[in-house]
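Before anything else, here is the set of structures, which you'll find just below.
You will see chain A twice below: alongside chain B first, and alongside chain C after that.
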Partner chain A sequence: MAQTLHIESRGGRVGTPLLEVQNLVMHYGTKEGEVSAVDNVSFTLNNGEAIGLVGESGCGKTSVALTLLRLLPDNSVIKGGDIKLDGESLIDLDEEQMRRRRWRDISMVFQGAMNSWNPVYRIGDQIREALRLHWPETLTYQEETDRIGALFELVGLNPVTMERYPHEFSGGMRQRAVIAMALSCNPKVIIADEPTTALDVIVQDQILRELKKIQQELGMSIIYISHDIAVIAEVTERMGVMYAGKLVELGSTLEVFHRPRHPYSYLLLSSTPSITGPRRKLAPLEGEPPNLLNPPTGCRFHPRCPFAIDKCSSEEPGLVEVGEGHSVACWNWQEVPEIGGLQK
Partner chain B sequence: MLKYIAKRFGQIFILFYVFLALLFLLLDLQPGDISQQFVGNPNIPPEAKEIMVRQLGLDQPKIVQLGNHLWNYSFGMDMGVSWSSYPREVSDILFSALPRTVFLFLTATVMSFWLGFYTGKLVAWRRGTFIEKSAMVTSIFFWTVFYPWFAILMLWFFASQLGWFPIGKFISVEKWIGAPYAADDVFMLMLGTIALVTLVYGVARYVIDRSSDDPQTRRNFHRLALWSLAGIAGAFWAFSARRTYAGDILWHTFVPVLTLTLVNFAGTTLLTRSSMLETLREDYILTARAKGVPERTIRDRHAARNAMLPVTTSLVLQLAVVIAGGVITEQIFSWPGLGRALLGAITAEDIPVAMGALALIGILSLLAHLVADITYAFLDPRIRVQG
Partner chain C sequence: MSETMADAGADTQPLIKVENLRKLFPVSKSIFREAHDFVHAVDGIDFEIAPGESLGLVGESGCGKSTTGRMLTKLTDATSGQILLADEGELIDIASIQRSHMRRFRRRVQMIFQDPFESLNPRRTVYDTVAESLTVQRIGSVQQREERVAELLHRVGLTPPEQFLFRYPHELSGGQRQRVAIARALVIDPTFVVADEPTSMLDVSIRISIMDLMLKLAEEFNVSYLYITHDLAVARYMCDRIAVMYLGKIVEIAPTEELLSNPQHPYTRALLSAVPVPDPAHKRERIDIKGGISKALNPPPVCRFIERCPRATDHCRTSDHPEFTDLGDGHFVACYNL
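Right after this comes the complex of A and B.
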């Protein structure tokens, strides 16, 4: 009984690797050609850790998330790479095996979670559906209700509201309920794709803070995805910066904010005054992210990069280690100046 | 919810009176009045004509006439007397035709909705397959077909070529000679059975839903209730002496119900398909997938359940067409219902019957609207609370 009320992570010992993404390549097939939305992305999520993926709109963040859950649209092809959860490859699972893993092992808070609720069913019943599908033992109706109540309390909702329909919830409440649903089956990993983007700043802040608290208390492993580096700064320990389908920098959040090594990270950070102190007009981030139908040759960032050298337009830089757990894909990373770090 | 129903009920009540008044005015706007019909008849002396005018109340001011008209329809339960089958009461003629029409169209509507929804759902789910394409072609055929031609084709095929079913009519008169029951009574008993089963099932569902929290248990009990009720009703008819007569009536309903179902289901199929394709793009479908909900459940419980909402709305909009088509249908299948009574009355210039038939058709479509609205409110919680 108490077990059914216990909300925790089913992952392993804190600090050991949980989710390993290796050289992941994913394309969308379109009439005009192949969109290279995820190109050679590798990262590791450790148990009990919160990591972030940041990047401009359209750089493939959601595509990475959907690939991890194998929830991609029909026109997509996973071209290569591997996803290992607790050492077991998810790519090799057949669809039915994968279906059983979803939500139980990896749950997700979607971008625009406001619309994640089916309008004709009660919020509580939609969480109940997840429990019925994935909870290891069968629960009685009352046990399910108790668990949903406990989840509601955890995310700051009154348990009686589980009887309500989605339209009777405010945006913030719906978002909290989505988080409750993501936690419902004690998953190993939660992917939060823009978990607060649709909310106003105050609610956004409250929810982020609570999420962080829940994550730390329960030892959850979370991948946060956002275009907003302020969000990533607040809740993650390590972060990856994505540009045009590629992971261009990976390191501890403090380190990346203090001393970004990739020109794109640098420009992204220096154009966000709220976290890194007063805005320095060093070099603004100009232009648009490239069309992924035929991305630029060499380094995909070179048309916009103020640090570009000759080699950049022809040769593609690989991720190289530049410090303790800090890697970057840039030919000219030594030239990128220091920023000054987080001012929390 | 009750407030919502009461409000809708009040609205259709008012609408009905507006409709009645409009009917009256429309007929009144026609050149001449009823007494003119007798003007050319040399056999009627002028004094008699005057008496007639007074009897019919045509000497009264228009507004009084309108008042009488409304009063008689609502409180007097009096629709006047038929001119072509004088002195039969209009209500007598129409109230025996009414159940036949209601049965025909209700059955066809329910069946076509069910069939169309089911096909539309599957077709959207199997997008791009051969099944989808052939279902689309078939639906578009039925949707665009010239209805009277198709109805005659169905009759020709089933009644004349195959000889399985009768060519129209409500009963085979020769089988009923010396029958101990009147056809209308047997028919009413059949309708009564259906109504009773539906009602008891509704109550049973209500009780079941109140007494169990578990959806699976509820579903099992719903099924149990439905099957046992159907079993009891079936047994009642199987052992009833009326069963051959009931069989005869059912036999006559087959081709008209099938024809109506076929032409109506196509629209529902096409609409369900597009509604379903739209629903499948919704975020909550992706959520359901991420939750690891099996595909069939996503299709039925998540997508189709929501795709049903606009289809229900359109059902109401289609009603007008269905009812207008009723005249043609009943004429072609010699089905003695309201539509046929209306057409006969118009041909015979029997204004009271025509007026009464139109009024009843009006009530029917308003009631259908109400039913659709209530159904919609049950299906969509967002409507339910607004009231």
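Right after this comes the complex of A and C.
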């Protein structure tokens, strides 16, 4: 009984590897050809850790998340690679086995989910439905209600509001309820895809703080996905930068921000305005992200890269270590200056 | 409807002067009954914009930014108040402008919208879209118009122009569409442009090139902007001064760096303290405020921020919404407890 009130992360000892992603490749098949949305992506999420994935629209962030959950549309093909959770491979599980992992082991706050509540059911009942489908045992109605109340409190909602309908919730409240639902079955990992993107900054700040508290107090492991690098700076310990389906830089958030080594990360950081620090001229990133139907040869960033050298257009760089836990996929990373260096 | 401004030095005159501007939207339960409830979308605001100056209008969703912009461009009529526009030595009152003056007004004032996917007509080519104002205003010969459109496309970075002139919006990227919208707004040399979240739908990388373009063009064409955004970092990059709006009221207005480094209104402070900073080493001072923004539906006459204010006193509860206090150097704040 008390167990149903207990909200926890069922992950292992903080700091040990929990989710290991190795050389993941995923394509979408379309009439025009194959869209190379996830190309050779590898990273590890440790227990109790928050990591971030950033990159421009269409670079494959959501696709990575959907591949981890194996919630892909019919036209997708996982071409290779492995996903291990607590050492167990998820790639080979059949659909029924995978279904039991979702929500209970890995759950997700979907991009735009706050707008997909069913308008005709009470918010609490929609979470109740998730509990009935995914909680390992059958709970009494009262146990369900108690648990939903505890989840609401955890995300900063008054439990009495579980009786309300979606239209009676503000955007921020709907998003908190989405997070409560993601936490409902004590997952080991939560993937939060653009969790605050449509919200005003004060509400965004409150929700990010609550997620951070949940991560730290429950030892929850979280993958944040955002196009907003300032959000990633706020909440993550390590981060990966994606460009055109590839992970091009991976490292501690502090180091990637203070000394980015990939030209794309460098330009992304240089083109982000801030309300702190000196008011500086920003360096625009010229051009547009490539069409993944037909990505550029060699390094996918070469048509836009101010640091490109001859071999960039023909040979593809792999990830190499440039510091402790810091790797980058670039032939010419030594040439990338400190932030602000290009403008001088 | 216009008064001359012969008695003042032209260079110290504002281009735009807004006085006690209001917009109430009726909320009626039935179309047959007169409304008794009103949303006070914009509730008595005052500000000025100098020639060539860019004023940022910031605040949370629903605080009245777009409604203000729409009144200034006459897409919405004001409920009351004045919007004065300086034009060739005259002050025109936009709020009560005559039909016969509309053409002249449209030459001076233009708008750029948030969504480049919606604001362009899908059945018109880039040329038709950009040339529209010239055609409507009957400016120049056909050949002169073609030259002017090509020049504008060049200025906004759609080069070579011949490659873009006859494309339709669906053949352009989001960034390119916004460039077309900017070219359309600037083609007739306006003196004042309202830009309503012009980059918020665009990717970070494209965002900077559009912002830089707008800054460059502001200088070249000497236009003033009212730059509407919910993103304070963007406002800092774009604007000389910033006005902070809360539920229909401007609560603080100051030169940009002054506002960011020395915010005085409790709402401005809370807002600034919530902005994420792209530096993981940066530790922010957090200022908590209660609840979320609501609608200004039949608001009581007291301070609009009172329900969320950590500083509210009995005086606030028994007094009208505060007037601006002048802190000097163009810094104004509407709060009793400074």
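Heads up, the rule we're going with is that the second predicted complex is superposed on the first by the 330 of 344 C-alpha atoms of A that agree within 3 Å, B and C clash if a C-alpha of one lies under 4 Å from a C-alpha of the other, contacts with A are read in each partner's own complex, and residues count from 1 in each chain.
Definition applied: contacts are C-beta pairs under 8 Å (C-beta built on N, C-alpha and C of every residue); 3 or more make two chains touch, one makes a residue touch a chain.
Values in this document were obtained by computation on a predicted structure and should not be read as measured data.
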- Clash-or-fit label for the pair chain B, chain C on chain A: fit
- Go through the superposed model and pick first if A:G172 touches only chain B, second if only chain C, both, or neither. second
- Chosen between chain B and chain C, the partner touching more chain A residues is C
- Message: Output check: A:T272 vs chain B and chain C. Expected answer is one of first, second, both, neither. What do you get?
- Response: second
- Query: Is A:D146 touching the first partner chain B, the second partner chain C, both, or neither of them?
  - Reply: neither
- Message: Can you report the least C-alpha distance between chain B and chain C in the superposed arrangement, rounded to whole Å?
- Response: 10
- Once bound in the complex, which stretches of chain C touch chain A? 60-61, 173, 175, 203-209, 211-212, 230-234, 236-237, 257, 260, 270-282, 286, 289, 292-293
- Query: What residues of chain A sit close enough to touch chain C in their complex?
  - Reply: 56-57, 170, 172, 200-206, 208-209, 227-231, 233-234, 236, 253-254, 257-258, 267-269, 271-277, 279, 282-286, 288-289
- Which residues of chain B touch chain A in their complex? 213-215, 282-284, 286-294, 302, 305-306, 379-382, 385
- Task: Enumerate the contact residues on chain A facing chain B in the complex.
- Result: 69, 71, 99-104, 107-108, 110, 112, 115-120, 125, 129-130, 133-134, 141, 165, 167-168, 181
